[in-house]
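First subunit A sits with subunit B, and in the next complex the same chain sits with subunit C.
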Partner chain A sequence: MISDRLKSSLKREFDQSLMAKLGLSIALVIILVATFAPILATHHPGQTGHFDEEGSSYPPIGFDYQTHAWEDGDDGRERIPHTVQPTSEHVLGTNNLGQDVYSRMLFGARTSLLVGLIGTGLAAAFGVPFGLVAGYFGGRTDDSMMRVADIMLAFPSLVLAIALIGVFGRSVQYIPDPIVMAGFAEGMPEYAVLPGTVTLVVALVNWVWFARVARGEALAIRNEEYVKAARSLGASNWTVLRKHVLPNSLTPIIVLATIQVAAIILLESSLSYLGFSGTTLSWGYEISQGQDYLRTAWWISTIPGVAIVLAVISINLLGDWLRDALDPNIEGEGGV
Partner chain B sequence: MSLAKFLIKRTLQGIFVVWGVVTITFGLRAIAPGDPVDLIVDPATSPEIRQQVREEMGLDQPLLIQYIEYLQGILVGDLGFSYQSRRDVTTMVIERVPATLELAIAATIVAIVIAIPLGVISATRRHEPSDYGATMFSLVGISTPNFWLGIMLILVLSVQFGLFPVSERPVGFVEAVTVLVTTGYFNDLITWFRHMTLPALTLGTYFTALITRLTRSGMVDELGKPYVTATEAKGLPSVLIRYKHVLRNTMIPIITVLGLQLGTLIGGAVITEWVFDWPGLGTRLINALYAGDWPVIQGVLIFIGIGFVVINIVVDSLYAYLNPRVVDE
Partner chain C sequence: MSSDEQREHAAETAGTESGVDTAGSGAGAGTTSRSSADSDAHTTTSAATGAEAPLVSVQNLEKYFWENDSLLDRLLGGEPVAVRAVDGVSFDIYEGETLGLVGESGCGKSTTGETLLRLQEPTGGRVEFGGENVYEMDNGAVTDFRQSAQVVFQDPFSSLDPRMTIGDIVQQPLDIHDVGTTDERRARVRDLLERVGLSTDQLDRYPHEFSGGQRQRIGIARALALEPEFLVLDEPTSALDVSVQAQVLNLLEDLQDEFDLTYLLISHDLSVIRHICDRVAVMYLGEIVEIGPVEELFDDPKHPYTKALLESVPRATTEERERDRETLAGDVPSPRDPPSGCRFRTRCPMVIPPEDLQIEQETFREIMTARERIENRDISLETVGGEQIEFEDGSVPSADVPAFVDLLHERLFDEPLPGRHREVVDEALAELADSDWEAAESTLRMEYESVCERENPGLGEGAHPVACHLYGEAGTGENAIDPDTWS
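Entry: the complex of A and B
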């Protein structure tokens, strides 16, 4: 599908853009980390109770913090100042339940990427055909189909998503982890967790963007000479849609899909922050856990947020690169 | 097509969308799991009393009858009663509107005030450090989840430096201004401002970043056009050219995109309210969802849907008025 001209355009933009290189590097690191989480992790992500001798959470390496401990004194139990030192055992510290933050970040990357990629795929699989049919046939078909899309757009995506989860409930799917099954990572979870409802819901909420873009493309393409030629040669609507309209509208759809992965990762983190996800192995959920401990354990909320920002930035940079390379009419914004 | 005809067409479409929103939210409640009677009375009460409650709430009727009655109620502004508190849903929704509206407006003001000068500076000093700074800021801004940003603002500005309160909204803007006007007492307005700052920054950052991006790219396009060279050749001061002519032409696409992003603003307000325990529609919605209180969920969703449709019609009409070619398309 990708022509040589497109390949060279992609390469030229990539060579010129520092931002594209940065985006691709971060994205690759996150993909690798998510894939090999069981090997890279130092602890089982669900294992609790990693506290110091006074029962305090460990801070990340390079930080210590003041808290209080209790000791038996002359007048019963006494409150004494206590400094918590980091340990090389837990490089990013431990959370309020005494779970290893570093290991949880690795497994959280899996949740974000799985929901982001599968959610985008489902949204495109539904939205693109919908939009292409509406745009290609036009007229009444287009009108009535786009009214359905209007209704979807009248709900803010986060609001519609939480309402749908309210209906469907929270569910998770367990996917066997080949790395652990093959015995490469002793003592790690044997299943990767996919929050099924969330994945479905983000697709149900975001398909309409694919429908809009695909429709716009189909509207333009249906009047092109080559479509008219194909039809006068007797090609059926189905053939024209599949062989001419779809391939020629792919460019903006690919750019949109990239941006959608980032949008869906943000949406997933919001949903799991609000507790609607069904899995606790998620960056957003971890942020909500830390919110009650900001006075002492600042890192519990801070670190997963940094992970989300890095992931989303890298995907947005890749989206900018694709857009600049595939669509020469749009002036680049990243521009570095 | 005349402007009046265009308006009528858009309004009819809007009514259709509102009907769709009402129907979908009703459908969601119909398929939601759980028996609402359990929320109203103790699950251990006798079946007779449960049946009585069911009849009082009209829940024993066939779905179609319930739907028609619900539609009739909406026409007169009646959204039914909360399962949980038995309060009137219309009141429960309306009383939360000012807090959300204040938050959304404050965030929009933050965004416009920061973003437009930033975008202009960025576009007129391309490939200089200030441009790179603005570009980096907008990239990070659109990539940061706003609930996390809110928590980080609390961590640094409230917990570490104690500059702003952590949460809640002790006084509304209208009350604070009323107090100021009637008694000359400033403190309420200051309290309002201190509580509003962090939520408004939290919600406004994404839009600041987005508008900075749009302003920059729009300005870059416009600055390359012949009329700019012409006005420069005429000797007009560059400040005048930038802010009067170029920026005005850049604003049209910005307004369009902002109209499309209204949903993001409302969705962002919902989660921002949750972070700051802000008594708006968002906290009402999420609490109702945790409780399974569907009349309240429906009420908030329908209200948001109507607001969205109305604002879109207003934006479209403004747009059609400014740019009559839209009407013909």
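Entry: the complex of A and C
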């Protein structure tokens, strides 16, 4: 299915674009980190109580506290961070519960990627056939199917997601971690956590985008003469959909899927920030943990925030690269 | 059509077939003339099978497309508008012959082809293939029909799936109908590609690696894979270079002889039609206006539209420079609202005036055109008077009416109309001074309504039927022009 022309187009676009290189490198790092989290982590992500001698969270390397007295002579003294280099076993510090932030970021990447990829897969698995059928058959079928999709779109996605979680309840699936099981990482959690309801819900919220794109493609492709030719050969609608309509509509769907991974990671972060995720090992949840300590221990919220930004940006850059490479009508921006 | 007439028709077809070499008429630079051996082969096929029932019989086929027909339109009370792409078309195709379907763009040729293959469901009428109604077949019969009737499309760039290899494309019909084992299918694909003149080591290439002519050959190989009896060729050469056109046409002719194929060739290119067809049907605005054997139709066209169509073909002679080509006036009317009576009357140079009217054809034509504009409200009355005549609330001050009529007359007619006609027409134009369109219409209709707008002539029967009043009862009146005098 991947022709030589496509390969060379992907490569040319990649060579020309700094953004594509940046996006791909960051995305690869995130994928590697998420896969090998138990090996790369320094502490068990759930282990609490890592506080310094004064009972405060450890700051990241390169930062330290400074004791600050308020000017009005109040005896309430507050410790705020300043930049002195300590050596620390906690690279990115610890959070309000004394958990190692670095290790939690690694395991949080797993949650984000799992939800992002599985959620996108489910959304595409439902939305693409839905849209292809609507677009291919057209007429009344199309009208009624796309009205359903429009109704889905009319709800704000976050509200819809929260309502659905309310209906389904929060369930979490435990997936055995092969790396830990094989004994490569002593003392790490034996199960990776997949927030199942959230995955299902983000798919239910986002399948509409796949349906719309697939419908548009099918509408155009069903009038192509090769579809008429196939029908005059006696091909059934099922055969035409599978052999002609689906393969020829894949390009924009692949681009959309890439961007949807980012959108779903963002939605998952929002949900877990609001506490609907069902797992605490998530970037969004970490942000909500740290928001009360922004002035004194800024890293608890900021670091997961940066992680989310990096993940979303890198995936979007990948999406842009694919779009430019796959669509001959868009001239690449060239080197940035 | 009785069986006697069919026999007669077949004999005529065969007769013209073995006659004059047709290719000299300019079928393109590289066209080679049809060899006499080919003609003989055709003659025997047609003669042997002609006595039987037609292979394909199209009866009153209708295909309307509906506009403003969605649920929303209906809720808002909009009336659906019928676009009459094909409006009651009937013809027969006999085994072994090539029937040409010719007409301007948008006249419904391709829709006819697709509908008779049941690629679109018809609005009315029936198509019989081998005696069986195509639209009432059950699934099994449709599968058989799909094997025996195939189509070659116009655009060789969109008719091949860009994501399939050539081998897969040609093999697809065999896969769909589950013909033979995998190895047998592969061998058949190789045979087919060789037969249409492509090399078999290109099996794994993609369509975009081929030229237009090669791609059209691939399309033909695919259409032939199931050994069909009948092929619809939907403008198979109009997207190709002239030299390649000739190659593809010759290939199609060779294949017809080799596999005993029956063709319906849809084209707007008269030289292609003349080169390859046995009989020709001329289409105008969803109707067939004339069917006849190719030589007869080209040498002695009957319908004014056919005459005009043939007249419009540039000829490769030096006299051509001097020739004043009579091209058709006006545009093709919209199939949403086709003219009453004969559909060609709005552009016809030979409209039949009423029996009791003394009038030159040229004058009559001008009045018809003016009437057409009035009926379509296609005159902006405000601008007629210019600065001098006031035009308010849709009327002109009574003192200015004569001046207004003169100006309007000048605008509608190159030369002032002679005698009595000027009086009648000016009476109608005076009614327009009050924006009374209906009155103007009826005044003119009373005087000038032609049989051509009252009745649709309908296509007659026989070997060379023509849908024109000039050849019916109305054509015998003294006002009708002898169609043979016009050129």
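By our rule, the second predicted complex is superposed on the first by the 310 of 336 C-alpha atoms of A that agree within 3 Å, B and C clash if a C-alpha of one lies under 4 Å from a C-alpha of the other, contacts with A are read in each partner's own complex, and residues count from 1 in each chain.
In this section, contacts are C-beta pairs under 8 Å (C-beta built on N, C-alpha and C of every residue); 3 or more make two chains touch, one makes a residue touch a chain.
On a predicted model such as this, the values are computed, not experimentally measured, just so you know.
State whether A:Gln291 touches subunit B only (first), subunit C only (second), both chains, or neither.
A:Gln291 sits against subunit B, while subunit C stays out of touch.
Looking at the overlay, what does A:Pro247 touch: subunit B (first), subunit C (second), both, or neither?
Touch status of A:Pro247: second partner only.
For A:Ala163, using the defined touch cut-off, is the partner it touches subunit B, subunit C, both, or neither? Pick first, second, both or neither.
first
Could you tell me if A:Ser269 is touching subunit B, subunit C, both of them or neither one (first, second, both, neither)?
First partner only.
Would you check which partner chain A:Gly234 touches, where first means subunit B only, second means subunit C only, and both and neither mean what they say?
So A:Gly234 only meets subunit C here.
So in the superposed three-chain picture, is A:Gly305 touching just subunit B, just subunit C, both, or none of them (first/second/both/neither)?
First partner only, subunit B.
Using the superposition on chain A described above, determine whether A:Lys21 touches subunit B (first), subunit C (second), both, or neither.
Neither: A:Lys21 stays clear of subunit B and subunit C.
Looking at subunit A, does subunit B or subunit C touch a larger number of its residues?
Ranking subunit B and subunit C by residues of subunit A touched puts B first.
Tell me the contact category for A:Ile313 with respect to subunit B and subunit C: first, second, both or neither.
It touches subunit B, and subunit C stays clear.
Using the superposition on A, tell me which residues of subunit A are in contact with subunit B and, in the other complex, with subunit C.
Touching subunit B in the first complex and subunit C in the second, no residue of subunit A appears in both lists.
Which part of subunit A faces subunit B closely enough to touch in the complex?
Result: residues 147-148, 150-151, 153-159, 162-167, 169, 262, 266, 269-270, 273-274, 276, 284, 287, 290-291, 294-295, 298, 301-302, 304-305, 308-309, 312-313, 316-317, 331, 333-336 of subunit A touch subunit B.
Residue numbers of subunit C touching subunit A in their complex, please.
Counting only subunit C, the residues touching subunit A are 70-71, 114, 117, 119, 142-143, 146-147, 149-151, 153-155, 158-164, 172-173, 176-177, 206, 208, 219, 222, 226.
Considering the complex alone, what residue numbers of subunit A touch subunit C?
1, 3, 5, 140, 143, 224-226, 228-235, 239, 243-244, 247-248
Taking the touch rule as given, give the residues of subunit B at its contact with subunit A in the complex, in rising order.
13, 16-18, 20-21, 24-25, 28, 31-33, 126-127, 131-132, 135, 139-140, 142-145, 147-149, 151-152, 154-155, 159, 213, 216-217, 220-221, 263-268, 270-271, 274-275, 285-286, 289, 292, 297, 301, 304-305, 308-309
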